[in-house]
Amino acid sequence: MSAPAQVGRRGRRSPTSTGYWPILFVGPLLLGVLVFYYYPIAKNLYLSFTKSNAFGGNTKFVGLDNYEALFSRPDLLSAIGNTLFYTAVVLLAIPISVLIASLIELPGLKFASLYRVLFFMPYLAMPTAITQVWKIVFNGNFGIINQTAKALGIEDPPYWLSTPGFAIAAVALFGLWSSIGFNVIILSAGLKGIPRELYEAASIDGATQWRQFRAITVPLLTPSIFFLTIMQTIGGFQLFDALFAMIGSGNPAMVQSRSLVYLFYNQAFINNDKGGGAAVAMVILLFVAIVTAVQFIGQRRWVNYV
Amino acid sequence: MKRRTFLTASAAATSAFGLAACGSESTSTAELTKDTVGELNLSYWDKMQTATVEAGIKKFNEAYPNIKVTPSITAYKDYWTKLRTQAEGDNLPDVFWMNGPNIKLYASNDMLAPLDDLANVDWNDYPTALVDLYSVDGKHYGVPKDYDVVAVWCNKDLFAAAGVDLPQADWTWDDFRAICTKFKESGKGYGVVCDVIGGGQESYYNTIAQAGGFVIDGTKSGYDDPKTIEGLKIWAELIAEGSMPEIKVMTDTSPRKLFQAGQAAMFWAGSWEAGVMKEEFSKPESLVVVPLPKKEREATIIHGLAYVAAAKSAQLAAAKALVQVMTSEEIALVEATNGSAIPAFNGTQEAWTKLDERWGLEVYTEQAEKNSVAYPVSKNTAAWNEKENELLVPAFQGTTQVEDAATELASVMNELLAAE
Amino acid sequence: MSDKPGRSALRTQRRYLPAHILLALGGLVMVFPFAYQIVMSLSTNAEISSVPPTLWPEQLQFVNYVEVFEKLPFLKQFSVSVLITVVRTLGQLAFCAMAGYAFARMEFRGRGLLFGLILAILMIPGQAYLIPQYQIIQGLNLLESPWGVVLPGVFSAFGAFLMRQTFMGLPKELEEAARLDGCNPWQAFTKIMLPLSAPGLSAVAITTVLWSWNDLLWPLIVTTREESMPLSVGIATLAGQHSSDYAVMMAASVLAMAPIFVLFFSMQKRVIAGLATSGMKG
C-alpha cells in the first residue's frame, strides 16, 4: 500500500507516466525511423527544391519550380481522382472483412482454422500468379467476367483492362480483393481479444446474434477497424504496384488511369527528373498526412478503447 | 602504349592473352598481367544467357587467373532501378549490360568509361548501326554483344487454309496489304498482328524507315515529317480495315499469343521471338520467316546490347579486358550455339540460324547485314518513348487522327529533346 | 464420446450453415490464384501462354520442380530467406511492442506528434527511400549482408500502430494493480501487458513473416550475388525480358511458400487463439 507514494505526483494523473521510461520504450524504434526514414525524407524535401541530372549530380536550387510544374500538370486532377476512387473502394473491404472475420470466429464453428487459412492465401500466392489470374478474369476476349456477361445477354461487354474508367475500376476491385486477407488477419486478432463472457451474458439476456454483433462485436472491434481504416487509407494513396501490374505503361487506358504515385514514378524514373519526383512525393505526404490527421480527430466519436 | 601492344598481341590469338601480358612492363596500376589480383563485378539480366556469361568469365580467367569475376543477375524489370541506385551510390558494377535507350543517359553523365583505347577491338567486326548506337560525342562507350532485328513470321497452315500465296522475299507494302485483304475476305483470321502498344521497335519504327521517314535526327524529332507520318498511317489503316485486331484486343491478349493461337497469319516480330517460338509454338513445322515488306526502301530496325565498363571502376584496365573477352569472336560463337541471342560479332551468327532449320532464320541475319536502320535514341529516350505510347496508340485505334497525333508528338518530343 | 454434446455440436453447425456457405464461397475466391499457380507450376510454358489458357495440363510436368533446383541455389537462398525473416520479425515485435505500449499507455509530452511522425513514414512512395537507404547501408558496409536486407524493415510504423491499438484495447485495471504492487513500467509491460497482447503480437508476426518472405525490391537492391539473395529475389531472376519461364517460376514459388503454409496452418490456432485465452486467465 506504499506503492502510490513511490509512483509520485505525476503518477497520480496516470500510473505509467514516469520520467524517462517513454524514452526507453520508444527510443529504439524512433532511432531507426530517424536514420532510415527521416534522413531520406529530409533529403527528398531538399531535392524537391532542386534540379539535378538523372544521377543526382549537378544540383541547382530552383525554388518552387518543381511544385509549380506539378500543379500545372494536366493529369494531376485525374490522378487525384483515381487515387481517391481506389482508396474509397479499398475501404469498402473493411465492412466485408468484419463480416467474414466474425463469421470465422463464431464460437464452435467447424473448419474455422481452414477458413482462416483460406483467407490468408492471397499472401501465399506469387504476385505474378495473382496478376495473371486477375488478368484472365478481366480479359476482354475470353475472360470469365465477359463470358458471363455474354451468357446473360450483354452484347458488347467492355474490355475492362483497356477501357478508360473501367480499367481503374478493375484495379480497384483487385485492390479490394487483395486487402481482405490482411483485414481478416487483423480483425481475427481483434476478435480474440473480446471476452467470451460478454456474449454469454448477452445470450442469457436474450439478445439475438445480430444484436450481439451490433452491440458487442462491432464496438469492441473499433480499435482494429480504426487501425485498418488508417492503414488502408495510407495504402490506398500509395496505389502503384497494382496499377502497374494490371494495366502497365503501354496500355491505352493508362493515361486516364494514373495515380498520384504513378506521377511520382513517371517524373523520377521515366523523365529522370529527381527534383520533380521529390516534389510529387512531398505533396503526397502532405495530402495523406492531412487526411490521416482528420481521421485521428474523428476517431474520438466512434472508437471505443475499453 | 604498353597496354596497347599487349592488347594487339592478344588479338592475334586468344590464347596469347597471358603471353602478351608477360611481355609488357607494368608501370602503373592500369597495367594488367597474368599475376594481377583483383575482383570484378559483372551485371546482366537474362538467366537464359548465364551459360554464355560463365563461358566468358572462364575464358577471361585463363588469361587472368587471379582476377575473380562475380556475375550478378537482376531481372530486366528491376535491372534499371538497381543500376540507377548503384550509380548514385558510386557503386556501379565494373562491367555490365547496356541497351540503346539508356546508353546516352549513362555515357553523357560520366558513368561509363570510353573504350576507344581497346586496341584489339576492331569496330568493323560489329554492325555499324550498333557501333554508332553505342558511340556518344565521337567516343565508343560500349562493345556490341548481340543484336535483334525485325522480320515477319508466317503461319503456313493459315495461308494454305485461306488459299493465299506466301509472300516473296522482295515483297512491297502493296503486296502486304493485298495479302491482308485476302485474309479478311477469307474469314480465316486476322492478316497480321504486331506490337504497336509497347513501343515501335517491331512495328512503326520499321515502317517509318521503309517510307523514308525518321524518328529522330540529332536533337530534332522526325514525327512531323510527311514520310514518317506515312509510316504511322499504315497501322491505323490496318486496324481500321480489320486486318489487324483492335488495340484493346491486343492489349488484353498479346500479339504473340494471338499469333500462337492461330488467330493471325503474319506476325511482325523481333528475332528474340525465335527462342519463344521454339519453347511455346505447338506446330513449329508450319512457321516460316520472311523479310519485312518494302516501300521506298527496305529497312529493319536493329537494336542490340553492349558490354560497358563503369568509369569509376577501381580496376578499369581489368574491366576493359573483361569487356573485350565477353564480346570476342570466341564468346560470340558460344552465344550463337546457346541460341539465346544473335551475337553481334560479324560472321558468328550462323549457329543461331540453326535454332530450327525449317524456319529460315537466316532472313534475320541477312536483313541485319543489308537493310538495318539504327534504333532511335537520345539522352532521355524513356521520356519521349512514353509520349509515343500516349499519343500514337489512340491514333492507331482511330480515336485521333494520325497527322494530328504525329504533329503533337513532334512538338512535345522537341521540347523534351531541348530540355536534355 | 457421449451422445449429447455431439448432437448439440451438430445442431450448432447446422445453424451455422449459411456461415459455412458464405465462408466456403469467399474462401474459394481467395484461394483461386494460389490454386491456379499450382496448376501453372505443373504445366508447360506453351500451355500457360495458350489462348484461352489451359485450365488443366495435358500431362503433369513435375519436372518443373526438379528444374528449380537446377536453375537456382534454392537451399542457399531459402536459408537466407529464413534468416532475414526471423530477424526482421523478432526485431519488429520487440521494437513495435515497446513503442506501441508507450504510445498507448504512457503520457509524455509530444506523444501525439511523435506517433504522427512515425506513421508519416508510410505516406511517401516507397521508391523515394530507395537511394538514400541504399547509401546508408552502403556506408554501414552492409551491402550483400542479410543485416542490410533486414535493417530498414525492422523499424515498422505498421507494427507500432497495431500494437498501440492492441494495448489501448486492454483493460487498465490489471496494469494498475501491478503498478500498485510495485512493478516498474518495464515489469508491468513484460509480465502483465505483453502476454495479454498476444493476439496483436501474433498479427504483427504473421504479416511481418509474409511481407519479409515476399519482399522483393529492397533485397534485390542490396544483394547482387546469387547466394546472398533471398528466395523472392532468386525467383524473380527467372523472369526474362521478352518471355519468362513461368512454369519454373511458379514451381519455385510454390516450393518457397510451402513451408510458410505449413507453419501457418499448424501454428495459427495456437498462435491466435491459445495465447489469447491464457492471457485472459492471467
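Order as written gives the chain letters A, B and C; numbering starts at 1 within each chain.
By our rule, a contact is a pair of C-beta atoms (placed from the backbone, for glycine too) under 8 Å apart; a residue touches a chain by one contact, two chains touch by 3 or more.
In this text the structure is predicted, and so the values were computed from the model without any measurement.
Looking at which two chains touch through the most C-beta pairs, you get A-C.
In this assembly, B is the chain whose CA centroid lies farthest from the centroid of subunit A. Per-chain Cα centroids separate subunit A from subunit C by 16 Å. Subunit B and subunit C have CA centres that are 40 Å apart.
Looking at subunit A, one finds that residues 56, 139, 141-142, 269 touch two or more other chains. Multi-chain contact residues of subunit C (touching two or more other chains): 51, 127, 131, 239.
Among all residues of subunit B, those that touch two or more other chains are 81, 84, 88, 253.
Per the touch definition, subunit A reaches subunit C in the complex via residues 1, 3-4, 6-7, 11, 13-18, 21-22, 24-26, 28-30, 32-33, 35-41, 43-44, 56, 100, 103-104, 106, 108-111, 113-130, 132-134, 136, 139, 141-142, 177, 180-182, 185-186, 188-190, 192-193, 195, 220, 223-224, 226-227, 230-231, 234-235, 237-238, 240, 261, 264-265, 268-269, 277-278, 280-282, 284-285, 288-289, 292-293, 296, 305-306.
The residues of subunit A lying in touch with subunit B in their complex are 53-57, 135, 138-143, 159, 161-163, 249-255, 266, 269-272.
On subunit C, the positions that touch subunit A within their shared complex are 9, 12-13, 16, 19-20, 22-24, 26-34, 36-37, 40, 51-53, 94-96, 98-99, 101-103, 105-108, 111, 114, 116-129, 131-133, 136, 151-152, 154-155, 157-158, 160-162, 165-166, 168-172, 175-176, 179-182, 184-186, 188-189, 199-200, 202-203, 206-207, 210, 214, 235, 239, 246, 249-250, 253, 257, 260-261, 264-265, 268-269, 272-273, 276, 280.
Interface residues of subunit B facing subunit A in the complex, by the touch rule stated above, are 81, 84, 87-88, 105, 109, 111, 197-199, 247-249, 251-253, 380, 382-383, 386, 389-390, 393-394, 397.
Of all residues in subunit B, those touching subunit C in their complex are 41, 43, 45-48, 70, 72-78, 81-82, 84-86, 88-89, 91, 93, 253, 256-258, 260-261, 263, 270, 272-273, 275-276, 279-282.
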